[in-house]
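Lettered A, B, C and D in written order, each chain numbered from 1.
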Amino acid sequence: MTQDKPANTAAHPISPQVVKDLYERMVRIRLFETEAGKLMEAGKLPGFLHLYVGQEAVAAGVMAALRDDDQITSTHRGHGHAVAKGVGFKEMYAELYGRVTGACLGRGGSMHINDVTLGMLGANGIVGAGIPIAVGAAFAARYKSEDGVAVTFFGDGATNIGSFHEAANMAAVLRLPVLFICENNGYAEFTPQSKHMLLTDVADRAAAYGMPSVIVDGMDAVAVHRAATEAVARARAGEGPMFIEAKTYRYYDHQGVKGLRHPYRSQEEVDTWKARDPIDLLRDRALADGTATGAELDDIERRTRDEIAEAIAHAEASPLPDTADLLLNVYSG
Amino acid sequence: MTTITEAPAPAPDGTARTLTYVKAFNEGLGQVMREDDSVFVAGEDVAGYGGVFRMFEGLLEEFGPRRMVDTPISEAALVGLGVGAAARGLRPVVDLMFMDFIGVCLDQIVNQAAKMKYMFGGAVSVPLTITTASGAGLGAAAQHSQSLEAWLAHVPGLKVVMPCDAYTAKGLTVSAIRDDNPVVVMLNKVLLGSKSEVPEQIYGIPLGQAHTARQGSDVTVVALGRMVGEALTAAAELAAEGVEIEVIDPRTVQPLDTETVIASVRRTNRVLVVHEAVTFGGLGAEIAAQIQDAAFDYLDAPVLRIGAPFSPVPFSPVLEKAYVPDAARIAQGCRRLLERS
Amino acid sequence: MTQDKPANTAAHPISPQVVKDLYERMVRIRLFETEAGKLMEAGKLPGFLHLYVGQEAVAAGVMAALRDDDQITSTHRGHGHAVAKGVGFKEMYAELYGRVTGACLGRGGSMHINDVTLGMLGANGIVGAGIPIAVGAAFAARYKSEDGVAVTFFGDGATNIGSFHEAANMAAVLRLPVLFICENNGYAEFTPQSKHMLLTDVADRAAAYGMPSVIVDGMDAVAVHRAATEAVARARAGEGPMFIEAKTYRYYDHQGVKGLRHPYRSQEEVDTWKARDPIDLLRDRALADGTATGAELDDIERRTRDEIAEAIAHAEASPLPDTADLLLNVYSG
Amino acid sequence: MTTITEAPAPAPDGTARTLTYVKAFNEGLGQVMREDDSVFVAGEDVAGYGGVFRMFEGLLEEFGPRRMVDTPISEAALVGLGVGAAARGLRPVVDLMFMDFIGVCLDQIVNQAAKMKYMFGGAVSVPLTITTASGAGLGAAAQHSQSLEAWLAHVPGLKVVMPCDAYTAKGLTVSAIRDDNPVVVMLNKVLLGSKSEVPEQIYGIPLGQAHTARQGSDVTVVALGRMVGEALTAAAELAAEGVEIEVIDPRTVQPLDTETVIASVRRTNRVLVVHEAVTFGGLGAEIAAQIQDAAFDYLDAPVLRIGAPFSPVPFSPVLEKAYVPDAARIAQGCRRLLERS
């Protein structure tokens, strides 16, 4: 049932504007995460930190195919999705710091970052839990006769949990406008894919729901973007859900920044993937084919760095939540 | 939408219409669907079949498949569908059929629906209603008979209602759907066919407000769900002995209207709490703990709890009857409380 | 990934003994259930009753391929599996009556009938819940270096629940000796398969776990038996789990006996399936090819009827549980 | 196997070895695996990685992949695997990592593991141990910080233990695995690195037996899990004020050793119950309800409960600190109890 990587061919050209957009989204994620990692190492951030670095092409490629009113649900590794969907650095860093100016008023932290005004329905601390929620968001769009779509991101490991299965089948049966994006980074925590399922391609699971699927190079933002654009168009047109498997890799450890110190993956494997770094790939290609100049791309990076510095300063200057407000937002009304 | 709820007074002339519990639920649900297009129902066999308990009969015919949605047997995805749709502004009514099935989808209820508003810094509300049938008494055995309100009432962000008759089945359901929070409506299986007076127009019953079902001065009985009827039976029996029982139906166990209970206990000085769930760790523990705290100097006897013994629900009717509290045990409990000087 | 119905061909002959065994198991189920239905209608049995009538070929065909030390887990529709695995009529009727002589001492009722001495690890009131339990039983067999297998029965509807998915993947990854028998009777309660999944063949789901699968005619006990025998041999040999979809039909309503009164299925559909009644099919074939005589088969039926009458009498004469024993067996030790 | 458990007295000369909580757990588990081949461990990253909290470090090396089994992220199937294996005579130890994940597999724990023996008429036992990390204090937020013992203790057929230090982490784990019933071992995340004296030999601590961690005559403090340490700190603080606090650690919350608590309250006449879980519907309610019933005439003040406020666990450390009960709040509670005449 898996289509033979149609989106991975360079059939139709992508506009320079989109290339720069993809590049910018990726750079924003990379720098946001790298700085967050440093802050964590410096002991400035409480709690857990699941860095997205390495997987940027997926979030960027998909999100560039969406509108603001399209909805996404995310995972424990949610910063990349949030940044790519447009959530502000200020709210995000402030949240990581546990400040009242944060995206969750300091109540949620890294695993619950959201911005419902941008259709970011939250990172999620429970593996697989965001998947049915996206199906519900897609249901709501159709119910209201809107043509919005919903997108749910999840890992290879998450496809082993019941809620993935149930939600995929539900979406297929109800023919809902929802994209299932599996970011296959080869590991569920420290367990390689080969030990948690017998398949090579997670996309093969879509057939169990009568859902079409496609496999893309998850280090190639353009390939991801093409596949997502097609799937979004299909979903908007009422043709139902679609499964996209993006083969990708995370550079840091499962959690935190220490990374690469445990023998669950080889240095060689890490190096091989890093040699195809999604940002470098796109940059090289854009410079080679003249889509963008080095100055343009450098400028994106510089602007992003400035914005990050400002956001971190803002976060550090922000007040802590007031302990008198412990019961805030437990209930509505 | 805020919860504007007004319970009309039952017709004083006694001519008013009676309805069964399940039909009252159905009528309230239909009325709120008529008034608000954002309300839809999803669940297993809720549409085409009208629900295995006939809870949804006629609704597909009136509202069509857009608003009455049959789903696969996938409770986690079903509740998740409700969470996502609620976060996007709809008012889903998701049916869990038997409350005992909650273990396959509790994460969506507890970690998603209940916590989303809080974790998101207030950015979103989850006006989700979950309907389900609870309770023993039909020989349905250990996996189809439980009353698990104590789990849910322990979860910040959730509300839980337990209708005791047709009147409250309708009014609490309407209020649950209108409420901006996730609310679990625990219908009682044994009561489905029981009748009481039910006004025809739409009405809500305020959540978090207890109802004094009978006034009395000697003992307060706080009864949950189906136990309200049993307590009233016990009260009638005791009245013949010259003992006046006050029966309080909290209606909502989260939030719990402790004030009404405490005010009563301060007058009666004796109190018994009764529910179907096992006693250990049941809601009766919370109610007892609050009472002994708030009415310590008013109690002439310890708060007495009556619940099921600490075992799964037995199948054999003879055991099941001995297992579930009833009017006789409540009356006995009241007598014991009164013996204590 | 689905094999093309290999077990449905009459490649190798089946011994007369096995044919009679299959026939007997089916007749025992049919008569047990029919009588149970009558008792229910007469108001003698408390609780729920999910009759297995129509699906007898599946339980008989599979169970005849098992040893006593092989383990099974079942469903809400569990009587057929229990009878075919050898659980006694006396214990079963007494349980349906709620008597202390019942299979569960009157504590469990229809949905919890079990006989662990025969490897019957219980009917189950929660859809899908028996599936991982069978995987655990298979794990235990291998752990103890025994060559026992485990078999889990479930319906078409149950393949939509998370625990099916998780357990199937777990069994595949751990390569455990467990058979997944999907009794596809076309309905989950009152919902037709076409409304609860987009697949025609549930067996196609096995591919999502890298698990081989086969589809059999679930009205043909011999076909089921052949497929099960092959799968059991494979599992015993350490070659891992297998998925068998048996296409079958239930004659009565989802629950109770009233049946066939709701418009969720047509009389024509019911008649078409009944025309291929599994017991008639096997009887006709056995008489035609001389595997058995009418007298032999009639004798099986007569003996079964006698045994049932005796078991019902036993149940009715049995004492009720003692209410002083309410706390019996809540804990061990 | 029946639970023969003997806790050796800690070495009196003070020279005894100390171990961290997580190492003590690990040592006990290893010892019981050495003594009984039917014990195996299954869970996510328990084998190759040794557990995300390092709970299982070294066990793969010693016991190999037959007995240390890494599984996919499939908690329902994981617990089900344990139920099936336990019903077939093994003693599985199934790891749930964070207690908050229990919502995805509660059916297997509650409707299968806990009820199987009962529903099957006693024909089978389910000697399953579930290990999990609970508790707040690490900035892990609302879905990785909960203490859900009240849910489990409300379920007939389950046992639940809450080790408060390294010594009990080892002994209760050993007893849990040796027990013939499903037992949930709630380790506390914040305590993982805390040290106490731990005998080297294998020992069990009897389930259902409370431990008086400190004797005192003025107020009884019943503390669960990590709150035991906080209560002892409060007791030391109060001792300086001349107030003697008795600290009781139930160790097992199901079954609960009420007798030890009641006996203490009858001496002190004042009692406070403290746990990390939200107060409403927490174990403190059950304990309070039992105390007011059994020691009604001995109480000089209502039973005081201290727990978390009724909200999800907040992320920001400043909020989290205010959220979780601590020594200061316990001391304050004791003072309040003593003020009451």
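Just so it is clear, a contact is a pair of C-beta atoms (placed from the backbone, for glycine too) under 8 Å apart; a residue touches a chain by one contact, two chains touch by 3 or more.
Quantities reported herein were computed from a predicted structural model and do not represent experimental measurements.
Asks: Based on the averaged CA atom positions, which chain is farthest from chain B?
Replies: Farthest from chain B by mean C-alpha position: A.
Asks: With contacts defined as at the top, give the pair, B-C or C-D, that has more of them.
Replies: C-D
Asks: Taking each chain's centre as the mean position of its Cα atoms, how many Å separate chain B from chain D?
Replies: Here the centre of chain D sits 31 Å away from the centre of chain B.
Asks: What is the distance, in whole Å, between the centres of chain A and chain D, each centre taken as the mean of its C-alpha atoms?
Replies: 37
Asks: Rounded to the nearest whole Å, what is the centre-to-centre distance of chain C and chain D, using the mean of the C-alpha atoms as each centre?
Replies: From the centre of chain C to the centre of chain D is 41 Å.
Asks: Which residues of chain C are in contact with two or more other chains?
Replies: 104, 106-108, 112, 124-126, 160-163, 165-166, 169, 173, 195-197, 330
Asks: Check each residue of chain D and list the ones that touch at least two other chains.
Replies: Residues 71-72, 74-76, 100-101, 103-104, 107-108, 111, 118-119, 141-143, 156-157, 310-312.
Asks: In the complex, go through chain A and note every residue touching chain D.
Replies: Per the touch definition, chain A meets chain D at residues 46-48, 95, 98-100, 104, 106-112, 124-128, 157-158, 160-163, 188-191, 195-197, 255, 262, 264, 320-321, 323, 326-327, 330.
Asks: Quick one: which bits of chain B touch chain A in the complex? Just the residue numbers, please.
Replies: Listed in rising order, the residues of chain B that touch chain A are 2-3, 40, 66, 69, 71-72, 74-90, 92, 104, 107-108, 111-112, 116-127, 156-157, 159, 179-181.
Asks: Where on chain A is chain B touching in the complex?
Replies: Interface residues on chain A, with respect to chain B: 71, 73, 102-108, 112, 114-117, 121-122, 124-126, 129, 131-141, 143-144, 150, 162-163, 165-167, 169-170, 173-174, 328-333.
Asks: Give every residue of chain D touching chain B within the complex, in rising order.
Replies: 76, 100-111, 114-115, 118-119, 141-143, 150-151, 153-154, 156-157, 254, 256, 277-278, 280-286, 288-289, 292-294, 296, 299, 301-305, 310-312
Asks: Can you list the chain B residues touching chain C in their complex?
Replies: By the definition above, chain B touches chain C via 44-45, 48-49, 52, 70-76, 100-101, 103-104, 138-144, 309-312, 314-319, 322-323.
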